[in-house]
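You will see chain A twice below: alongside chain B first, and alongside chain C after that.
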Partner chain A sequence: MTTRARAAPRTDITRPVLSLERRQALVGMAFVFPAVLFFALFFFYPMAYALYLSLTSWDLLTPPVWIGLANYAALVSDPNFLSSLSITLRYTIEAAVPLILLSLMLALFLNQRLRLNGAYQVVYFVPVVMPAVVSAIIWGLLYQPSGPVNNLVGIVGVEPLPWLASADYALHAIVIVSIWASFGYDTLILLAGLQSIPPDYGEAAVIDGASRWRVTRDVTLPLLAPRLLLVTATSVAALLTSFVLPYVMTNGGPGTATRVLPLLIYQTGFQFLHAGQASAMAFMLLFITLIFTALQFRLFGREVL
Partner chain B sequence: MNPRGLTSWQRNRVDRRRVLKAAGAAGLVLGAGDRLVRPAAAQATSVTFLRHVDPPANKLETDLIKQFEQANPNIKVDYVTVPDADLFTKFEAMTVAGTPPDIVNFGSTDVPAVWQRGMLAPVDLSAAGVSSLDELQGKYIPNALSGYVFDGKLYALPHELSDYVMWVNTQMFETAGVDYPRTWEELSSIGPKLMIRNSGQVTQEAIALPLGFPGAQILVFDAMVRQAGGQLFSDDGRQAFLTSDPVMKAVTTLSGFVQKDKITDPALNGTTATADRDLFQNGVAAMMLTGGSWYRGTLDTSKVGKNAIPVPYPRFEGGPDIAGDLYGYGLTVSAKSAHQPEAWKFVAFLSSHGTDYFENEGLFIGDKATADSDVAAKSPNWDVFQKELARGKYPPSLYHFNEISDIVGRTVDAIVRSGDDAKTSLQNAQSSVTPLLNS
Partner chain C sequence: MSVPATSAANTSRKRSWRGETITARLAIQVVLALVAVLTVIPVVWTVLSSLKTNDTIFSVPMRWLPTSLNWNNYTDAFAVAPFGRYFLNSTLIAGSVTATTVFFGAMAGYGFSKFRFPGRNLLFGLILSTFMIPFPVIMIPLFALVRNLGWVNTYQGLIIPGALTGFAVFMMRQFIQALPGELFDAARIDGAGEARIFLTIVLPLARPALATLGILTFLDSWNNLLWPLIVIQSDEMETIPLGLTKFSTRYSTNYAQMLAMAVIASLPVLVVFIIGRRQIINSLMLSGIKG
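The block that comes next holds the complex of A and B.
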């Protein structure tokens, strides 16, 4: 009886309206809400609005006029768009491949716990913290006919090159700056990845008679694949959408030799007053970036995720 | 229940009423007081004036605005300055935001695009103190207003009127023992004497060309084409003649300076759009083609200083006597402005201070009063500008000027710098430009 009496429900304690799980979920949502709101307001809403604009003819000064898919259809035969797309792809491939290889080599080198390792890390990271505009201006000076770059190539007997003045060299000149500006960040990511790999795996392989190259190829690189995917995906996306260096260093010239797609989008929207067409170009660029990213995921395999 | 039988909510309501009444009374008192103290300010009309950064002119205008506001206490001028390259973007942003500026000093080549969209109000002739457009034109030098006339109505008052002349470094010419060229052919032949190379690298070039700067390139190029007896575009902007012989002659002349005569080194231009001016100012180039009367002030504080003098643009041998294209800025008033009379009153006030602009900065606004003034007479080489201005004209009013000039400028750039085939490149440009012409 006593037990029963004790077990009787207490009527003076009100039961919480929500279960513990629900309350925890609400708290979590409250924490996440500011970030969601931020992304919704400053990313998703503008993207959705840009998608709408891409279906209109809008000059920024008078109200948009709905034209459906006409902007997208026009891009297929637009020589400026096709030229800029081709330049963008060339620029991305020319920069991405050496960028990732260089970053990987440097990360492997720095992973050997050398003396002055900290100093090396500072040196290679400096370009990353330098604003892109500053880098562009400095490199513009370095590329002058009598500048340090020509002096350097002159040591090996090469005549001074018109780095930014010739359509043959200008894109390569910007590629060099892109690699210089980005490899420090990529190296850092890869180095962190290398340092997170337990040394036991390599040591075990060495005991089994594997050479250093074999350890790197068959042990280190597969374990580094998730970081390599991250570096590749972010680098390619950044290169596809690169704007500052071509804008400041050449403004797309000589002629249209370095007019990458983001620069054409800016010009089309703000200088030529075709904001609808520019939005369509931007979505095409987004689509291309997504294709590249998907290809990289496929290349690295699903197991890295 | 309280003694009066009111609930707490009712009590609060009464309190709120009291507060509201008190606030209303305070507002009335303050409002009345404000009217008593500053009767005019309470009814002041505010007009926004958007213009590009130009330190000497900005300083002058800040003073002029103070004077204007003192003389017109019911008008307040909100002065907004942005870098020249950002002015149109700022205008777009303000327009999209629903707060378009009342007054804008648009570049003369931007005005057609804005006018075509019905965004400009015609000039209030009475504010300008005249009764007809003819009377107003009589106050300006010939052609000064023509770039702003559409369908017989004027839509801007000139805020700057320039044409490019050729600036030469007299010291370099003396050292080389040559006189400045009167024709493009002469320029080509004397150019090599002005070139200095050190260990194979150019340390002094005969002429710095505008490269990577389509807006300036098209003005230089358009003038050369007209000097060659042709036109880039018809006067109504409906046709382009980019594959014509005069266009070919002009582009061949320019590319010849780089590819054949080697009297200029495009690599020296570096990354900045106005590199030709920098090269001239820094004593690297003996000649330069993109400076107007406003350039004097910049030169005076540069390395070149007084060694720089303006001379007429070269012509083609046997060709017509045509100077550089006219260009400049026009003061416009928005068609959407709720304060057009006040805006035009202010614009007319600024326009009546042409001599001050000229004296402060060498900025000529196109009025005869300044052109014939003592200040102008005392200005060095004013006669050169005056004669050239009389022989120049605005490029055709193209509604898509920026896009067209970008296509033409980049085409010329590629031919001049990279040696692209002129005929093919110009044919491609003609195809690209055709859909953008006025219709």
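The block that comes next holds the complex of A and C.
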């Protein structure tokens, strides 16, 4: 290629341009090369390897043994997997719905541009930047029987609750922490979406006699749909894969009440050394994540993209 | 339909839209403030309790304020576990990951946005697809890979697998794409080499995006637990989140020290956030995505 390019300019006037293009293409490739190499080595190779492992029995020590689809077949009737799957789905839905509604409400309120707006944005964002481990440890103590949470619910007349100590409450308790830890982020993204909507739209509707609620429902929310989709998709993906809160706060307990799927995958792979089985679970998690994403795109309509 | 009547109706309705009056605004303010209070209560309680004596943290009836300021909780915690070492490890790891992510992210972002080459869109699409893959899917083979490389329980094992993210490439591409290409062409005509153009023109122009990406990457890396949990096998290699997790199980009733260390572990990220808050908030609002 180089010889031809070098020989060409003397005979054909268009060739030098082509060679410049080629040169620029090579330069571009050189710039993306480290990234491409990185993702090939530390992402796509592990992905392919994970797929292979999910078809084997492997204890992380001796060579993997090919067993075909046996791991996947076993999952269908594995009570641990099914229970973790159901816990993950409950956790995700129970956290995502209030998270999105609360964030949407706060974003609509902040968009009124009242006093202290900037301060609220900063305060709401503090839990977002806190290390998840710190949030988990703090809340683990806040939920202690004679801790501040029971103290505060006592003010409104609720008897002390066994938050993390009871299989009935523990998952709800963790849901509250995950909402606390991430609503600031969702609020901010939705607020940005609201601010990019030209105010004339709402004002025009008001002039036509629409109530504030109708303007919000029929004008603002449809225009906000792309951002709402983005926020829902990232929140749901994060919730489906959340590991730190259940791991640190309860280590999946009491019993298996809060053993979400990522935690089960970690335990199966690294503690019980069933890496093949864990990989099959991980692909089910990927599958569920993709289904949820597809569902959300359906829900919000394809036109938003 | 007379003109004056319409415009009168306009103004009155417009006013009712603007400030559906004082009650509505007050209600909004109350909700916003209440959420703010509930948000900071855990943080305030943590700071206050980190100064209490251990046996007064869960005393009945509960006291919010410490009766005396026990700063020794902080020094005692450093004596019980090597938090100083954890701090150094976390700083080194998060610092290195931030540097590589920002540099290689900018390189790839420049390559993908300002050059045409075969397979460009396919490669970029593949890198974007990494957004969708939950980390638990690749963590086992990634551990196997790191083990084969002999990197278990080493800094490179902690740093290199996290040295770049799809988000970084995406964000830098979006930003550099918006920069005028004429600048680079002009430098090229002046005979500047491609590496020099990148280092002396692209990087300085991309500084706002680099700063934001750097802050977000540092926060993510500093806060990461799962990967260190898998790769680290000895005390002196532990990061702050991992060391704190182990401390909380090993000394599960040293509440005051635990909280003191929770404060210490949060300080760097809170400082980074407070310094860069406008930067973070503005660019998140523009891009709408966080890694």
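Just so we're on the same page, the second predicted complex is superposed on the first by the 270 of 305 C-alpha atoms of A that agree within 3 Å, B and C clash if a C-alpha of one lies under 4 Å from a C-alpha of the other, contacts with A are read in each partner's own complex, and residues count from 1 in each chain.
Note that a contact is a pair of C-beta atoms (placed from the backbone, for glycine too) under 8 Å apart; a residue touches a chain by one contact, two chains touch by 3 or more.
What you see is a predicted model; the values in this text were computed from it and never measured.
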* Asked: Between chain B (first) and chain C (second), which does A:Leu188 come into contact with in this model arrangement: first, second, both, or neither?
  -> second
* Asked: Given the touch rule stated above, what does A:Leu285 touch, chain B (first), chain C (second), both, or neither?
  -> second
* To do: Applying the touch criterion given at the start, work out whether A:Ser146 contacts chain B, chain C, both or neither, answering first, second, both or neither.
  => both
* If you count the residues of chain A that each partner touches, which comes out higher, chain B or chain C? -> C
* Could you tell me if A:Pro222 is touching chain B, chain C, both of them or neither one (first, second, both, neither)? => neither
* Asked: Of the partners chain B and chain C, which touch A:Val248 in the superposed model: first, second, both, neither?
  -> both
* Counting only touches as set out at the top, which of chain B and chain C does A:Gly209 meet: first, second, both, neither? -> second
* Overlap of chain C and chain B interfaces on chain A (superposed complexes) -> 60, 137, 140-141, 144-146, 248, 270
* Asked: In their shared complex, at which residues does chain B touch chain A?
  -> 88-89, 92, 95-96, 113-114, 117, 119, 200-203, 211-212, 265-273, 400, 402-403, 406, 410-411, 413-414, 417-418, 420, 428, 432
* To do: Using the touch definition up top, name the residues of chain A that touch chain B in the complex.
  => 59-62, 79-80, 136-137, 140-141, 143-146, 159-160, 162-168, 248-257, 267, 270-273
* **Residue numbers on chain A that touch chain C, as the complex places them** => 21, 24-36, 38-39, 41-47, 49-50, 53, 60, 102, 105-106, 109-110, 112, 114-116, 119-127, 129-135, 137-142, 144-148, 151-152, 180, 184-185, 188-189, 191-193, 195, 202-203, 206-207, 209, 212, 215, 227, 230, 234, 237, 240-241, 243-244, 247-248, 261-262, 265-266, 269-270, 275, 278-279, 282-283, 285-286, 289-290, 293
* To do: Enumerate the contact residues on chain C facing chain A in the complex.
  => 10, 13-14, 17, 20, 25, 28-29, 31-33, 35-36, 38-43, 45-46, 49, 57-60, 62, 64, 104-105, 107-108, 110-112, 114-118, 120, 123, 126-127, 130, 132-145, 160-161, 163-164, 166, 169, 194, 198, 219, 222-223, 225-226, 230, 240-242, 244-245, 248, 255, 258-259, 262, 265-266, 269-270, 272-273, 277, 280-281, 284-286, 288-290
